[in-house]
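First chain A sits with chain B, and in the next complex the same chain sits with chain C.
Entry: the complex of A and B
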């Protein structure tokens, strides 16, 4: 699996966390747009949609956390400090792992920010 | 001589400094002038504008705190004869001040602004008003509480103080945006959609609104007035506004109809029932002319009739400069009697 048991870091493991964020954003946005386009009464509650957003958000956060654990392993658990400028396979792994870990943190916060409006906005107004 | 010269130059420098301060104060004046008045979000006169202004001050406070902290850090980093930080402490500083701190601050501000939204979007009261943005004016239709026929008006909005009024915003041509900064945030008017905006004015007075989305050549000339009145006075005014025009007959009326003005404008109580341009039934009771851009005087009415596109480029209304001056004057005078 791309975010769990890859032996080596590469471009795909680096891109996985932002891709999870992008998919989460797309699902939330499209689901809310479809639900509100179909709603006859703008005051009617969106309980089902908010539960869907909650589930999708928890799933995305869990996947990003798993990707973060793998990135930490690729990074060498912080044994090697930046800058990673030596042209060796190990240093390249540490660089990719570190960059992926930072992207995991960014994607985690972004997913939380995307989901926050569902906490307070309960209908289509 | 040399001492005298130095003295003079010091005095000169002082004058220069004073001049600089005064210059800066003068430069700040237009900015400060924007803080109050009929069209200022910082001088709120409505429930939503209050919330927006409070949010602005909170955001400004947070931004000022951050600014001071960053400047302090920069000064600390640039100090002479410094001991290098330990690697671990520097990493911790970057983590807390560069990542965790800003994230928590942004999260707090986001949650605060999101928590404001449900109260702002609560349903309106029994009075409902349709406002349609058109190039380059506002069609206004009041739906009185308890039924009754809708009351048509244009380019001026009147609201009762302390009551929630739901506005239904639409547009038949291009995207406009309805914005009365002193009362609420802005809301787009999008062709094919109906957007809701609930206004709840908190004090009486005359406020100014404007189109806040570029809509064509006269976008900047598409404004309107909002008069917030006591509820009883508003009810009386609404009943008056629903009646036909007060001065339907006379030479001006005959010329208005003869020259085809009624094809585009409605004056209730006369055969003029056009729907293309603004309803003029009670034009004389509106404070402004041409959608909030000219005082409603006889001279301005004459100018608008003869050269509307000089005043509002790309407006649909053709100029009537070919009419004899006497006829223009008679029409303008008659329009001024439409209380």
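Entry: the complex of A and C
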């Protein structure tokens, strides 16, 4: 699996964490847009939608965490220091793991950011 | 090879080297005389592209000066309101579509091969075609203002103003069709650049050692694939509404103008980053050179580039905060808009850290780099302000936003580009621009910019809306506007001084020495002026800054001791390497000069221009002619069968001259192009489902109270025929792999027949059901999806017949099977498009 037990890091594993952010974003946006477009009463509470957003957010964060664990392994658990510029397959792997780990952190924070509105906004106004 | 051997310069060795150099020069010679314009090499096309987009920049800048002259004093009558409308629309349009995006493509086409020590990008004729498309489309769009026919509804063309042909004349069509045509060029460049970065690196340049510019190019080209197609889809809907009355954006008939806003900004916001990242990428090359040390935090730049690339797609609604969306939707986009400040900030801190950790030498490029960071930070901070929705409600469509976007674009895009121009000028001309004049240029631009745009924050907060052609005096706006106009003139003086130096001034200066800035990256490897073949031989690379880490490298390269030191067959060749580790895998022959790309672009351009003037039949004739020109180009320039299977490229490496399937660059290009194509398709699907969300009843009901729809019979038949056509393509490929040419041709022909039947059955569905696209957005959405799929099948049939012809001509065989591999790949995408379309239009009415 792309984010779990891949032996070698590559460009796809690098792109996976932000892709999870993108999917999470799209699901939140589409669900809210549909829920509000179809809502009879814009003052009615969005209980179901907010629970859905909570669930997909937890799921996305979990997936990013899993990707982060794999990235940490690809990074070699930090056994050597940046800048990862030696021309060897090992260092290339460590570099990709490190960059992916950074992207996991960014994606994690960004998923939390995107989920925050659902914490405070309770209806379709 | 040992050191003793390499340093021994006997006569025979020198004679051999000179003979190699002569053969290389002959193979890569730039055509002379009028044939110069048939050149396709990146060194020529890149220069034309850069110069042309800079000219469009000057043109759009002149329009801005016209606007500032009009706004200098209240109640001014210098420019009429209609002309002012055309001026601001064309200013924004030309700056974004004819300058900011194309100059990225231009600079990348120019620089990328030198950074990768490649002789050329893998599809030189595609670059040339893209350039000619850009030139023709740009002249068409800009020229319209001289006939009082320019678009005049703002660069984002909001309906219903723009869909009403009584209010907006031909200018809207010029915008839609002219720019659609140019978007083709952008996607062509994206394909070229992605394949270039991934597959055309020098041997050994692993993914952790590629120049940072290449990371940015890769990300930005990928962004183009996801950002431009939604606009192309939007343009299609828009033109169908304007030309044929299909009501996609007309609320009276089930449409919605907000759909255009979505499609436009799904393109428009990432586009800001598409123009920003490549300029920042130039800084990532410049700053280490002058800090005299490698970049601090290479991996962090990768994080920033990839992170920004993704997050920038979650911002589009922040242009639509005031249209009445639910607060929760706005919240998501506000959150993403603030989150994108994280990776953007990381880049800035990486640059600052590099400067602090190194010893910065003062220089012209660094002056512009420092100025750009200062201005960009201000633009970034006002960006965070307008990302906060309640503030945006106050500032929206005011001069505050005008100030913000110019701080971002001029700080983030234009000044880094000027830094890059000063830095890379010697690479093109072998001479530096004047440092003395540069200080004048910089301070005129920097001061002029701030004098012009800083007051706009205030005029905006005082209530001056954007896009008004005049204002009454005594509202507290007079002095602010006068200052802005004066600043604009000062800024323009700086730009003009630069233009003079770049066009004429440099000619009187002495040649720069090799690697004039003492840089560490490969673009400075060659002697100046650069030979037209690029590198003398392609070096193996083992570090991020090879010129710093391996001082002996230029000598080895010059003496032809590295890869591909010769052109024995007199053909243009470059290396193809693997994606992650850049192991050499193929010696790629690239085509040489040809007028075909130019002819194909002129004919394609004619189709768009004639359609603008509603001359559909002439357009069709030119369309067929363009198709044949493109086929002739493909026939003579792609999938060429080499005279031998493999050749020696040096260092005892023997590489194949022909690769197919995922090993070939053409397969990658098809894959990337079709990814962009799928994005356009997804945008059309989005439109279909968007109508479902906004309409209370979707699909609308017929007289009997049943939902409208194309029924199940014809879509079912279309699906069956399509599945068979798809299966036959796989069968045909297998026949070819088994060496059965007859089976290949039979499979292709039968598949073409079934594909034609499938396309016809697709269109029969809504036809039989009597769905009238002019009546309502639902039938229009069904028709446009099915027409899209059917058009893909028609293109697929042309490819199948082409493959039959190639097989008959002996150019498509068991060993040389690029064509069939790529066409099968195309059919995977076409079939997915067709099947998803059929499932949507046939089944959704049953569910809804």
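To be clear about the criterion, the second predicted complex is superposed on the first by the 125 of 125 C-alpha atoms of A that agree within 3 Å, B and C clash if a C-alpha of one lies under 4 Å from a C-alpha of the other, contacts with A are read in each partner's own complex, and residues count from 1 in each chain.
Basically, contacts are C-beta pairs under 8 Å (C-beta built on N, C-alpha and C of every residue); 3 or more make two chains touch, one makes a residue touch a chain.
The model shown is predicted, which means the values in this text are computed figures rather than measured ones.
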*asked:* After the superposition on A, what does A:22 contact: first (chain B), second (chain C), both or neither?
replied: second
*asked:* Is A:116 touching anything from chain B or chain C once the two structures are fitted on A? First, second, both or neither.
replied: both
*Report for A:43: first if it touches chain B alone, second if chain C alone, otherwise both or neither.*
first
*Of the partners chain B and chain C, which touch A:81 in the superposed model: first, second, both, neither?*
first
*More residues of chain A in touch with chain C or with chain B?*
C
*Return first, second, both or neither, reflecting whether A:58 touches chain B, chain C, both chains, or no partner chain.*
neither
*In the superposed arrangement, which partner chain does A:125 touch: chain B (first), chain C (second), both, or neither?*
both
*Touching chain B in one complex and chain C in the other: list those residues of chain A.*
42, 109, 113, 116-117, 120-121, 125
*Sort out for me which residues of chain B touch chain A in the complex.*
87, 99, 103, 106-107, 110-111, 114-115, 117-118, 121, 123, 196
_For the complex, give me every residue of chain A touching chain B._
42-43, 81, 105, 109, 112-113, 116-117, 119-122, 125
*Once bound in the complex, which stretches of chain C touch chain A?*
204, 206-209, 294, 297-300, 302-303, 306-307, 309-311, 313-314, 326-336, 338-339, 342-343, 541-544, 579-581, 693-694
_Which stretch or stretches of chain A touch chain C in the complex?_
10-11, 14-15, 18-19, 21-22, 25, 28-29, 32-34, 36-38, 42, 46, 49, 82-85, 87, 89, 91-92, 95-96, 98-99, 102-103, 106-107, 109-110, 113-114, 116-118, 120-121, 124-125
